[in-house]
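Chains here go by letter, A, B, C and D, matching the order in which they are written, and residues are numbered from 1 within each.
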Amino acid sequence: MSEKTLVEAINECFHVELERDDSVMVMGEDVGRAGGVFRATAGLRDRFGPDRCVDTPLAEAGILGSAIGLCMAGWRPVCEMQYDAFSYPCLDQLITHVGRYRWRTGGAMEFPLTIRMPYGGGVRAPELHDDSPETYYVHTPGVKVAIPSTPADAKGLLAAAIREPDPVVILEPKLHYRTMRGEVPDGEHVTPLGKARVAREGSDVTLVAYGSMVPLSEQAADELAGEASVEVLDLRSLKPLDEDALLASAAKTGRVVIVQEAPRVAGFGAEIAAILAEKAILDLRSPVLRVTGYDVPYPYWQIEDAYMPSVERVTDAVRKLLRF
Amino acid sequence: MAQVLPDERELRRVIGDGDTIADGEVEGLGEQELVDLYRSMVVLRTYDERSVVYHRQGRIGTYAIFWNHEAMQAGSVYALDRDDWVFPSYRESAIGLLRGMPVETVLSWWRGHPSGWWNPLDYNVASICVPIGTHVPHAVGLAWGKKLRGEKTVAVAYFGDGATSEGAFHEGANFAGVMKAPAILFCNNNQWAISTPVSAQTAAETLADKAVGYGMPGVRVDGGDVLAVYEATREAVERARAGDGPTFIEALSYRAAPHATADDPSAYIDMERVEEERQNECLGRYARYLWRIGVLTDELEEQIRGEALQAMKDGIAAAEAEPSADPELVFRHAYVNPPPSLSEDLAELKRVLGNE
Amino acid sequence: MSEKTLVEAINECFHVELERDDSVMVMGEDVGRAGGVFRATAGLRDRFGPDRCVDTPLAEAGILGSAIGLCMAGWRPVCEMQYDAFSYPCLDQLITHVGRYRWRTGGAMEFPLTIRMPYGGGVRAPELHDDSPETYYVHTPGVKVAIPSTPADAKGLLAAAIREPDPVVILEPKLHYRTMRGEVPDGEHVTPLGKARVAREGSDVTLVAYGSMVPLSEQAADELAGEASVEVLDLRSLKPLDEDALLASAAKTGRVVIVQEAPRVAGFGAEIAAILAEKAILDLRSPVLRVTGYDVPYPYWQIEDAYMPSVERVTDAVRKLLRF
Amino acid sequence: MAQVLPDERELRRVIGDGDTIADGEVEGLGEQELVDLYRSMVVLRTYDERSVVYHRQGRIGTYAIFWNHEAMQAGSVYALDRDDWVFPSYRESAIGLLRGMPVETVLSWWRGHPSGWWNPLDYNVASICVPIGTHVPHAVGLAWGKKLRGEKTVAVAYFGDGATSEGAFHEGANFAGVMKAPAILFCNNNQWAISTPVSAQTAAETLADKAVGYGMPGVRVDGGDVLAVYEATREAVERARAGDGPTFIEALSYRAAPHATADDPSAYIDMERVEEERQNECLGRYARYLWRIGVLTDELEEQIRGEALQAMKDGIAAAEAEPSADPELVFRHAYVNPPPSLSEDLAELKRVLGNE
């Protein structure tokens, strides 16, 4: 164990996984010479050479499309999209090919590729550096999605994704790249996909969150100490989803607030609410609430705090349920 | 300053017209090879013509006709080694036949039956790509990836004139140039993208001109001349294998049939022009050449056609004899490790269908 | 009024709207010379000229991207995407620009563009001609989405979209292009966005559907006649959503089944369930169920019926609720 | 056969080196115009240098530096009419200053304040485009749309060398060619896309070579020579206005500063090379030219610099004096007719914040 920032944990994961398996390669814009604009891939080009840590042309569909071909040639490519909103040009390759190619071969071939990107707001950046695009990915068949909220999980989930035979998209909370530190297991460390984490135990209300909404939910839980015993469930993996953990927590508390940074309409939080409405209706003592971003472009940064789910909005939602 | 024009803006030709234009020949192609090539073309032509009939008979679904594209497909594949990869579009749906893929596999694909899905590793033929141009980066990635592994494999992506307008084509072509990928970008310029003529597709004078922007040679070849196609592809393969990177081949041809069985081109194409092109179609041109140089005989012709027709008869019989597909297949193959919710869905569907 | 097929109704709408407003133009692959692969734009090029019914190069991002510029020059472009799955290359322009440009100008400019496409399965077509991509669109801020289920609405919603100052995506159920006939008002006909339609009144259960799932739901309602009084709510417009109609129906019946052709995970049906879990929890007498496509690529057509929501699956879900 | 090569593969130059290379001149540019151009460059240079300082002082956010890009921006805009449209990327964030946009507007943009969002119709300057290359089709669509309306407007899209790899660039450029849109594709080839050198971006010999594939002229110009840039752009404008369609301009330059304030180029660029380029930066080159031809004086230089500096001081003061933005703006402007759920959200937020 050693203490690391979230992005250091990711970097370490790369060093371990590229050493471990020489079919793993990293590709993307500025991942090589510069070591990534957040330095997530620092040192890889020097250590493993420019063929295993490749500075690509500036073309996200080209990156993902050629990664499909690399898989067919036996590689396990890890593609970096430089920012959330710059991943959109790769959606076509993702939806029409990444999620379907194995199926198209009757299960004969594997496409063990990983797509990772920094996501989310709160970093005082210009437009289009702040999106939370997980819904586009989760809704796409054939693709798995994980979002870490701690340095240890950032390392462990990335390792799981790299080793997974199915394509996995990892969104990394860029807000916490350098500000969050935590204990991270040294060497090989894998956090299995599909296992949620009870970040905080509680009995009155469950906050369901992932990524950067987890620490926020924990803050809200602190804020509510004395008023209510709040459980915080960190989903970690959106697909496969740990339904058992979700239903167990809902059964225990009977009250659920879902916290999601992305715009609410048809966002992933709706899926959580829908699962509860189907499978936990008798457990629910109150409505299922969502605290989310809004159905608007992520705003200019001077007012981004009004967009982002806040401790106030979360505690308000919890209090609503307690009063219900 | 280096020459940046496409290698040739004039069309390469080998086959003459039996009159004013003299026949040429291709080094290294003996009688056996010439007949092999002929056989490939007949296999494709027979597949195509029978498929249109099968479609009319309701035995296969909508079908993308490739009549008069056989020279481009057969000529180029013949220039490859068995280890080289082929990335077809829907227009090259039967190209796997040239790699030993059973006829019924291709027919099953057009029948919407799961036995039409093949393992690309069995033939080094990728899955049929339906969304235009999107497989260009796949071929480039494969070629690049093989090169990184020290293998000598070449990959060919087939696409149409319309495909050159797509961003995916551009990004793939640019990657090919940068990575010096041993790839061939084979453009079947049949001058139409459904109803859109190539003049409305691009203002470039030739499609091969696009190669300049990717720093790769652009070659133009008569797509109705199987020997010219073979030769141009062989040169591209040699370049690729020598480590000199990708080539863009524009094979000029004409779509002398509807885009697909559902299409009525008389609404937008001058049918007289089509008739002209049909008179000059690629298989006839090659057959006449072989007759002129004395390689083809009535007997041989009949035998080759007969075998191809028999293969189709056997193929459609085999495709139709496939057991009807198990609906459970809906849930298979998308994931190596399916999410638990998918298994639940399957169980639920079985319950509803009373199969549980 | 005259009887028309769904695609004839769309074609008529174009003739009326291009005549009415000479800033309306139609663009896309094969919309001109061929009149569209489904003939939705037949006759427009001859009548209005090749500048107002434009055969574009084969490039969906180019179509939508240049449509943005056309809006800036005062046009109201209607962009056709030839099929659902071939709209994915335009997602980047949609998410990063179409939905944000007006906002980016501080509300100074309007982007009255329409994107329309045939969508959905059941047509025995090769791969990637069968998708139901509405979720990608609805989740995108700044973009509205409508899906007609009848010829009259196909005409009326398209007219509404063309006249709307905001960007609108219209998905048209291609399965019913030529097989569904209905009475269609002649001349100008507008179906306002944001108003659901009670396709069938009932009191025991509500089926919430849109597009091609509406006639299917009506069939299921028929099948259940005698057993249960089934209400069928046709949403028509996914954004803006007619929440009042949804909540009123849920309040009346207390039982809701959502029918959606798209893959379930994080699909639009989840949003409906989430709204009910938040706002109708006391009205619900039973779980909210979803009958949907699955988290897999849309299958080869010989087994597509096993993927598509069927009358059997819908009636089964309704019976489950009645037994609950 | 027509010439398809880019018009010129050699770089156009007008400004000499005061030594072996002689100074040229541009027809139609009198003393007044030469000084105007100089003023434009000083305005941009001053904006840029002050912005880096303001960033260090925490008064603006991350900032994309355009030091040594002023000649490309000022020279090209000067060749346009006021009705012509400019489509900037983040690298041309302050280009609106040349159209009368207040300094505080641009500063506010970088301060993440809503008063940094302008109405493009006020200046015929589109919004700053952040996602690379995606505004190329916008400019082309505008140019095409204006042409359809019978107007004579030209649109210029600015983008970098890296942008030429994106599918959006390709699709837009191809549309421009096909629609004969009166558009100019202005590529600032500063030879780096963040840390990626242009040699890893494309295998094309020059970026102007890409024009061939779109059937438009490709022009190469010394991007550090404001007069050459002006002249090349003016010719492109004339072509566009005459109905002869689009032009691709490659302006060759060098990024002699970090990509943005957050970037440390010493990790990937040879800083000696950067130093060399800094010695030869575009404003100094033009100033020396003006001195040589006797147009610039100490007095004039001082006056122009003084005015520009004052404008910046006033601009930052005005930006900092903006009232802090109303959080309610989060809910505004996305829709003309917002969906009802959005109004509900606003009401809810106001309730939570206790503002209701």
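Methods note: a residue touches a chain if its C-beta (ideal position, glycine included) is under 8 Å from a C-beta of that chain, and two chains touch if they have at least 3 such contacts.
Because the structure is predicted, anything quoted here is derived from the model rather than measured.
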| item | value |
| --- | --- |
| Chain separated most widely from chain B, comparing mean CA positions | D |
| Between chain C and chain D, centroid-to-centroid distance (C-alpha), Å | 40 |
| Chain A-chain C separation of Cα centroids, rounded to whole Å | 30 |
| Where chain B and chain C are represented by their mean Cα positions, the distance between them in whole Å | 35 |
| Of all residues in chain B, the ones touching two or more other chains | 114, 117, 131, 165-168, 171, 174, 178, 200-202, 334, 339, 341 |
| Of all residues in chain C, the ones touching two or more other chains | 57, 59, 61-62, 85, 88-89, 92, 96, 99-100, 103-104, 127-128, 141-142, 239, 265, 294-297 |
| Touch-based graph of the chains, sorted into line, ring, star, complete or other | complete |
| Partner chain A, residues of chain C touching it in the complex | 85, 88-89, 91-92, 95-96, 99-100, 103-104, 127-128, 135-136, 138-139, 141-142, 239, 262-263, 265-271, 273-274, 276-279, 281, 284, 286-290, 294-297 |
| Partner chain A, residues of chain D touching it in the complex | 61-62, 90, 109-114, 116-117, 128, 130-133, 162-163, 165-168, 193-196, 200-202, 262-263, 267-268, 324-331, 334, 339, 341-342, 345, 349, 352-353 |
| Chain B partner contacts - residues on chain C that touch it in the complex | 29-30, 32-35, 37, 55, 57-59, 61-62, 85-86, 88-89, 124-129, 264-265, 294-297, 299-307, 312-313, 316 |
| Chain B-touching residues of chain A, taken from the complex the two chains share | 25, 51, 56-57, 59, 61-62, 64-75, 89, 92-93, 96-97, 99-110, 141-142, 144, 164-166, 194, 239-241, 243 |
| For the chain D and chain B complex, residues of the former touching the latter | 1-2, 4-5, 9, 165-171, 174, 177-178, 180, 200-205, 209-216, 245 |
